[in-house]
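Should a chain be cited, it is by its letter among A, B and C, assigned in written order, with residues numbered from 1 in that chain.
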Amino acid sequence: MKRSAIFTLITLFVLIPLTLWFGMQLSGRWYYLTSTLIVVEIMIPFFFSFEERKPQARELAVIAVMSAIAAVSRMVVPIPNFKPIFAVIMISGIAFGPQTGFLVGAMSAFASNFFASQGPWTPWQMMAYGVAGLLAGTLARGRKMKKPLPLAVFGFVSVLLVIGPLLDLSSVFTMLTEITWAGVLSVFGYGLTVNVSQGISTAVTLLLVSKPLLQMLERIRVKYGILDQRSFEAGKGDAQ
Amino acid sequence: MAEGRRDAFSAFHPAVNFIFFLIAIGFGVVVQHPVYLTAGLLGAAAYYFLLYGKKGAKLLLALLPVACLIALFNPLFNTRGDVVLFLLFGRPYTLEALLYGCAVGGMLLLMMLWFGCYSAVMTGDKFTSLFGNLIPSLSLLLVMIFRMVPELARKGRQITEARKCIGKGTGAHSRYRDKAKEGLTVLGCLTAWSLEGSIVTADSMKSRGYGCGKRTSFRLSRMTGRDWGALFVMAVLAAGFLTFAAMGSTEAAFTPKLSFAALQGWNILGFAAYCLYLLLPAAIHIEEALRWRAWKSGI
Amino acid sequence: MARLEIRDLSFAYPAHREINTLENVSLSIAQGEYVVLCGRSGSGKTTLLRHLKTTLTPHGVRSGEILYGGKPLCEISLREQTAKIGYVMQNPDDQAVTDKVRHELAFGLESLGCDQKTMRARVAEMACYFGIQGWFHKDVATLSGGQKQLLNLASVMALQPEILILDEPTSQLDPIAASDFLGTVKKISRDLGTTVIISEHRLEEIFPAADRAVVMEGGRIIADDNPRRIGSLLQRNGHPMFAAMPAPVRVFYAAGGEGESPLTVREGRTWLTDTVAAFPKVKSLPAEEKEKKAEPFALQLQDVWFRYEKNGKDILRGVELQLSAGELHAVVGGNGAGKSTMLRSICGICKAQRGKVRVFGKAVEKYGKALFDGCVSMLPQDPKSLFVKDTLWEDLREMTDDEAEILRTAKLCCVEELLDAHPYDLSGGEQQRAALAKALLTKPKLLLLDEPTKGIDSFFKETLAAIFSRLCADGVTILMVSHDVEFCAKHAGSVSMFFDGQILTTDTPRRFFGSNSFYTTAANRMSRHVFDYAVTAEDVAALCRANREERA
């Protein structure tokens, strides 16, 4: 068994329950701290397996480019209410698989917050953006799904139902005075408009550029004999 | 990346900075005892303004209404409490619920202030140098992203402009649809260009030995005696207030009845330790300023 | 003894198995030698250089061997190769890996697992030797191209290599930065005894420093000799590479010189004084008419002022410029003088705060979007910023649906063979022409060019010049902003000097460069004490020949 697999099991069955138990012991508002810790713990296995894989130079460079493009498209977009970031992350996930998709998402969120500001939202954003890549890498890799239209639908639905709510969850834990169903629903309801507009941006972006972008990544893969999907995720990398 | 103002605490080793914020924020988001909370807010705000100067007021002004709203809205949902201030829509609006709202609003404020300070102090540079040995690949990835982001922003502008000059751009009056489409074309061009560049980057990494063995991580700063000293002081103070907190010195309940752990006896010691801890960065900042003044008048 | 020896190396890329990119290349390089590798783009220089470092060696079919210190290169561990063989590539931007200058310097040392103490010492040493202290703590993104490339060199040198390989390191730099860079390379070779293998288009500064020049053509080495003798060989064979030789070499052989040629302007001057004597009979070529601008003007800038921010400094400070229709006008001047801003003001991207920009008599702001529809078009400095599609054909289709028009323009720009290629598979010169084709599809009457010769070798420059002259003959007016003094001297109809936000002087190239003493061509600097207004190597050679005939 690989070390990262053991580590994942430990996280899931020991670390997270322990955190929950510890959180309950605290007086006061323990749920922000506990939930954030759990979010961080969920991400650790991804990062650990990346470290363990000892990525090749070309992998690193390509992941860095995709993360940087996602970060830039989050920060510097001249058009109001139009953020193609989720689409970029999803395309990376589709091209390189779920793990790398997660990494691109999480790193773009983390890195772009260094340019803006870190906040209580940082781990949640890393998680949510990472999930965008993860979902795309898992669900949208089939040949039929890779067509622009199904992708656009997938993008819209996943932003609206998974990624947006995940982001809203950080507001739930920071802003709500008490965690009640009514309170949670009102936060989600409030976030709905933002999520719908984000979903539309994502769908439009996927509709228009998913094909050329996927082709570009394919071209890089073929031209330089790297990032073969199997070897990429298995950590074999390019044979030199 | 935002360059912070000159600050003496930032000059300490990244580990000292990081641990300070870890404890301050971790404690701050849990504890709702009003005395601790007030002290925390004062300490964080002091350091925040030392770091940001006048600019800092902007964030505070943006956050205060949010905090107030949280405070005022809480009693609408939460009607528990003995002291009814007035009836609203037939429901009691209680003092206890209002105070609890204030506490939650205050905690949000505290968190934002600390994160503001953290962002100014823990630059990407420091973060990666601190974690370079623990997570070498991820730190390298982060550093690479930091380098690419400004470069990509510049290239993006360059592409937009170049396309305008062959009549392909959009103006201020273009339709939203056209703008979005043009934006995506630029995104595509940028991606192709940078992916092509990434191969050169990878070659440059390989030709400088990336992947030929275990990497070390270059750090500019070393732990000096001063850093160890600061760490020791922090550890003693934190141990102090955390111990008392574990024993219940920060217990606080608002609804249905206000009940706070009394600030007396040994508990005062814990609170004092917390206050000193909070004031550390600001104190270091001011100490440096005074030292500079003394040096200047000395020559 | 040879430190590095290439024996009978042949290589073919998998995609083009039938063509050998390298063919029976044999070369041996001694410790401490300074070797310049020249040849036009596509002659196999980069492929050859990449074979000298295993990690960079391309995939493909190969025969022959490469020995380093007597041992096959592939048997030498990556670690040792990393430390012993340094490699600097062409593009200054993409080679940097990290965001901080100091981290970049340490990158190689980190890879080798150096301890903190050694790293600190080496990084400090490098920063001092390369004069980087001033920007040691800066972000890489804030550096200029020249600084970036110097940083790339320094971070390779931090590993203290025995051999330094440079693949067209200055092609993306302006002349001053290039000269700084090459000066540093020379210093490394002289002070440290590092073996240097460099491929370059800009030979004027390298030839005097080099021990050997190796010329490649079609994957073979066709000449390998002392730089002083290499020119005679090329000239005798009528080889096109001769046109890329430094001006003194070209003048020497074109004027009928025999044996070893002068390499620097100083040597050229001495030689010229000896050959044609201090008082030549024929002093100047038939005079050009003084440049007269005729109305109607294609472009007219009247007292144009511009600054980016309210309290910022003025970038354009009363620019005056007139272009008559159908001419190729070049604007030369230093970096950051505001030349590019002037082009932007003509495109309406920077709206002049004061003064008037008139294109064909009409104020530029009155055009609106129509400005770029058959009137003005600009070729950006980096052709890559215009490619948005998978093939060149589709890219050109973005501009117009008229396929006949596309084919015509492609033919004009000599890219009709490349229409199915991916824009990024083209060489620098081809990309430049492809981008030009795209810009030309708006059918401009006024074409603006920002540094069109950047990173292009001398053959591609000639092709480009031919395209420009065809365009001018068709009535297109061209305004070109450039650092490339030699190109402007040879091909422009008139030249202006841009300095500190203003146009200072405008004249025909001969008069313009002939009356400058620093900012002028090498041929002019070499000959100005004996001839008047001779600005190109051809001019000087022609005058030499005229004098010889006169005397005979």
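We adopt the following convention: a contact is a pair of C-beta atoms (placed from the backbone, for glycine too) under 8 Å apart; a residue touches a chain by one contact, two chains touch by 3 or more.
It should be emphasised that the depicted structure is a prediction, and the values quoted were computed from it without experimental measurement.
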item	value
Contacts common to chain A and chain B (chain labels)	C
Pair joined by more contacting C-beta pairs (B-C or A-C)	B-C
Distance between the centres, which are taken as Cα means, of chain B and chain A, whole angstrom	21
Geometric centre distance via CA averages, chain C-chain B, whole Å	47
Between chain C and chain A, distance of the C-alpha-averaged centres to the nearest whole Å	43
Residues of chain C whose C-beta touches two or more other chains	55
Multi-chain contact residues (two or more partners), chain B	1, 124, 140, 144, 146, 188, 192, 196-198, 201, 203, 205-206, 210-211
In chain A, residues with contacts to at least two other chains	212, 240
Of chain C, residues touching chain A in the complex	54-55, 59, 389-390, 422
Parts of chain B lying in touch with chain C, wherever the complex brings them together	1, 124-125, 140, 143-144, 146-147, 150-151, 154-155, 158-159, 161-168, 171, 185, 188-189, 192-193, 196-198, 200-201, 203-220, 222
Chain C residues touching chain B - in the complex, by the definition given at the top	53, 55-56, 77-79, 82-83, 86-87, 89, 91, 93-100, 102-103, 106-116, 119-120, 123, 139-142, 152, 155-156, 159, 344, 347, 349, 369, 371-373, 376-378, 380, 382, 384-388, 398-399, 424, 438-439, 442, 448
Touch list for chain A against partner chain B, complex	26-30, 32-33, 47, 50-51, 53-58, 60-65, 67-69, 71-73, 75-79, 82, 84, 88, 103, 107-108, 110-115, 117-120, 174-178, 180, 182-183, 204-205, 208-209, 212-213, 216-217, 220, 224, 240
Of chain A, residues touching chain C in the complex	212, 215, 219, 225, 240
